[in-house]
């Protein structure tokens, strides 16, 4: 039997099952989105597949009653952990009025839900990084015990906003966790054409913060790294840069054909490390989950996804004229 | 009523708002210990401490972006761009983020922040310390752009901007800072953002402008008055979104319109003012719409000969007003 | 003459110029191996190699800034912004640098570069993959902004842009990419930057527009023709600096002017077009200048209901043209 | 007697005297500018004082017949080494038509002279960094043996353009030397409020390039570091980040009063390390210069500065209408 690593991290069996179930939920929602896209029901999908362990492992290390998350477009696992539901996500996929992210104004993957402190995001990459710093600054000014958690891809770590935001947080010792979800590609551009450094985490020292690289297919490794970063932040010791290494299992988005720039064999190889499979195996090997429970969880998740899909599909769009609302505050 | 300078009105407005609301804070380059390169935040560091008057690293996108984050949290940041010319690196944060936070989240989030910046020429600032940058932003719904001309307006509009629930770009004419003085009440007042202001009533010609040029127009109007020409002067005050009603009213009143900006001409905000007039009260016009602006060159040069050639000044304004009156 | 699509005209122009001049190269995100997210650079990587078709890191300010450096050296970079919406981080490099290199150095240095970007909506692109961004730049002397409507114009103008000795922003309508097809000569030709083009002669009303809306106007003009209304259609092609002569001529010809843009209305470049008319041929007008544009909201939403509400389309254009004709 | 260090670097006695003289020229020009400013003759000056050793040491390590320099506003020492004259600089100070940098269009400190491959610069800081990368890229494409040398302050190293430019150069292994002239202040903001890292050179690893920090008051140390970086670049091994540590001996510019943010004693203390004095002392201690030569050099420099001042003062301004020229190429 494999070593039980989650107990050492203070994670109960129930917790790790929750983590697994959330990862599975993210995966199943995403898979459904692709089906809906390929059958012409929704115009666009951008995937979390392959990054669920990193996302859910990280989000579980935060306090979803007070921390702020600034997810990037792949972070289905993060927002699920912070309270967004499958229904919310499906409403967003279908661009319906009830979508809490934007009432169908934004593409799917542009998360935002104030009640859950999921901070509204945009398409231009990396702009959320300074926002996280601003939220941490505001929290500090108001003596609130909060951590701001922000994610981005390895390609996006090359934007000026990463540099400027990280440096600001470093100088002001703010409780920010910068998590780079390194999935080895930025659309078609492979990591060696994006970065000259070994690891994105090598950049941390330039901002006076610790940087760690962890296995993004292992939710427990990510949990641990983010937990330490959150603890540091809460202790007033400043920000941390965490890099998770995984692989993007789908094309970049539903508009992309990845066969033009990477070999199917490379993808197939990466799929052997699929975190849903490997973490499932861990849970079985540690005796936390058996086949029956696995099936039960899967059935529960599928039922929720099915219901969410049906609901969202038949929900109404926002009225055309509602496009005129909320440019400015309305009295 | 005390007479104070334009820049002192800036400081006064910030101080009063910081005293009133603990969520208001200042961030920018050299705004703290030094009190700003123009001294607009002078004394605030001593009064409110380094945590509310933050000397940031030299990075405008972070200044704007950290401000956006703090504003989304619920604070009311006042970010200073040291010169309007240096707002360029922050444009992504301003246009993609600040302007769109409320809209994209369907009113779930908002971004109540002010970005202040000194703009304008005539101070030997050369290409990169003289520009008018408002036209770059004056096509972005979600933003408001305020450009006051008098100390009274500065105080009332800056306080309104700080209390506004949406992002406001507040551009201060750097040559007006110490040149323009005026009466400013010591007590609390706000002026409405989005409203133009008639700075002079007149019957023969209408001048529509903003910022320092308002003063040039008023000076010229005095001279014209002694020749029996009566000029109506409308100060836009908010250049985006424009006060269409006031523009149409002012244009219709005399039927002869001169639009003035210190910016380069093509694509400046007075083009939009002309369009509003041409769309709404074309048949009230007795003369073509006239525009006085800087030449279409990248920015004003440093050498005094060329700088003077670029700048709008009272003589150029007077000449244009006379020409229009005689049309 | 072969009939090809708008996007194929882009590729053809780049390929021919790269074959002609070894100093021309392409840089941008995913432009190489993948051939661009829209396939505008398809095949160039195979033909010219990774050193002349460079997949850059994901950083627009560097794409523009490295391009500026290479251009100052003497090369002719063609930088792609993956979507016009993502040009924002590069604005400092474009406005402070590219636009001002020649001027600030008194003609000692120059910056012959092209920045291409797909813009425009109607493709379920939502807020950040649909914007028209030209107005942000259409007030910066030193820049030229080209926005072609047909494959023929695309090829001739893109080649002209690449050979131009100054920076040119070249905005391609992404919905036109595959929708619009037309005859394009296989041989070398260039079209003049800075010149508008009469796309249809007419007597009763004048429509001035650019980009995809040119096609809407031409379609509507056909319909109106069968009702005996003759529409003159001017395609601006270069939106900055504007072709003032052609605008005045087109407006004067019929005395009734409709200006159309897909951009949000206030502050869009058609405001400047209106100003030019109001300044130069006001008394030739028989109707107020009419404008048809997107509503003043930050950008077009994703949901089909709201996207459709935002977009200019042939019906809206036809309705406006009839209204004007009946004025 | 002090150890002769310049011989080990391959620098002859004549060369180090040339270095000293260029440093002195930079200093004397700058001092003159201040006098002219304080007497109301020129509106603005921004100083090189305290950074001459870094500038001249670095520039001497380059090949001024083929390399490109992208100086920042303080780099009088760099541009002098690359062929700009005292007269050119004075014409710029007085904003006269004959100024080769801009014909008086730009403020002093905005260098540019194509014939000497001094690349035109602007006021917004750090924009020159990607330009240097573009020039190196162009040189590589054209198989030219050139190095692009670009400088900036430590505050300016926090701009996104530093990050984006450095990363681009790292990925493409371009011959760029990024030199940060760390003078401990960015106008009034001290280094500890600018940077959370120990050294700006700590950032190099994040771009896969070597980073070194050297004594900016020692032209020989800077020469050595830049020489190595240039050699690396020419060998095709990519970029280097060099940080020089010195102190800004004047206020930020003629518009600044530094007494509002730093103690006069701190400045006085730093003046004991003034590179003009310390390098002069080295030259004497190594027997390369004696009092007579020192005086002679100083007299030569002063004569040139005087002549340049007189010439520039009486030179004409550009015509007002010439402001309309060169917006676009003229046929």
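Letters A, B, C and D mark the chains as written, and numbering starts fresh at 1 in each.
Everything below uses one rule, namely that contacts are C-beta pairs under 8 Å (C-beta built on N, C-alpha and C of every residue); 3 or more make two chains touch, one makes a residue touch a chain.
Labels paired with UniProt names: B, C = Alpha-ketoacid dehydrogenase subunit beta.
Note that the structure is predicted; figures quoted are calculated from it, not measured.
Touching chain A and chain B together: C, D.
Look at the CA centroids: the one farthest from the centroid of chain B belongs to A. Centroids built from CA atoms put chain D at 41 Å from chain C.
Rounded to whole angstrom, the centroid-to-centroid distance between chain B and chain C, based on C-alpha atoms, equals 30 Å. As a whole-number value, the distance joining the C-alpha centres of chain A and chain C reads 37 Å. Among the residues of chain D, those in touch with two or more other chains are 102-103, 105-106, 110, 122-124, 158-161, 163-164, 167, 171, 193-195, 327. Of all residues in chain B, those that touch two or more other chains are 56-57, 59, 61-62, 85, 88-89, 92, 96, 100, 103-104, 127-128, 141-142, 296-298. Those residues of chain C that touch chain D in the shared complex are 25, 51-52, 54, 56-57, 59, 61-62, 64-75, 77, 89, 92-93, 96-97, 100-110, 141-142, 144, 164-166. Those residues of chain D that touch chain A in the complex are listed here as 158-164, 167, 170-171, 173, 192-198, 202-203, 205-209, 238. In the complex of the two chains, the chain A residues touching chain B come out as 68, 100-103, 105-106, 110, 112-114, 119-120, 122-124, 127, 129-139, 141, 148, 160-161, 163-165, 167-168, 171-172, 325-330. Against chain D, the residues of chain B that register as touching in their complex are 29-30, 32-35, 37, 55-62, 85-86, 88-89, 124-129, 295-298, 300-306, 308-310.
The part of chain B that touches chain C in the complex is made up of residues 61, 85, 88-89, 91-92, 95-96, 99-100, 103-104, 127-128, 135-142, 240-242, 263-264, 266-275, 277-283, 285, 287-291, 296-299.
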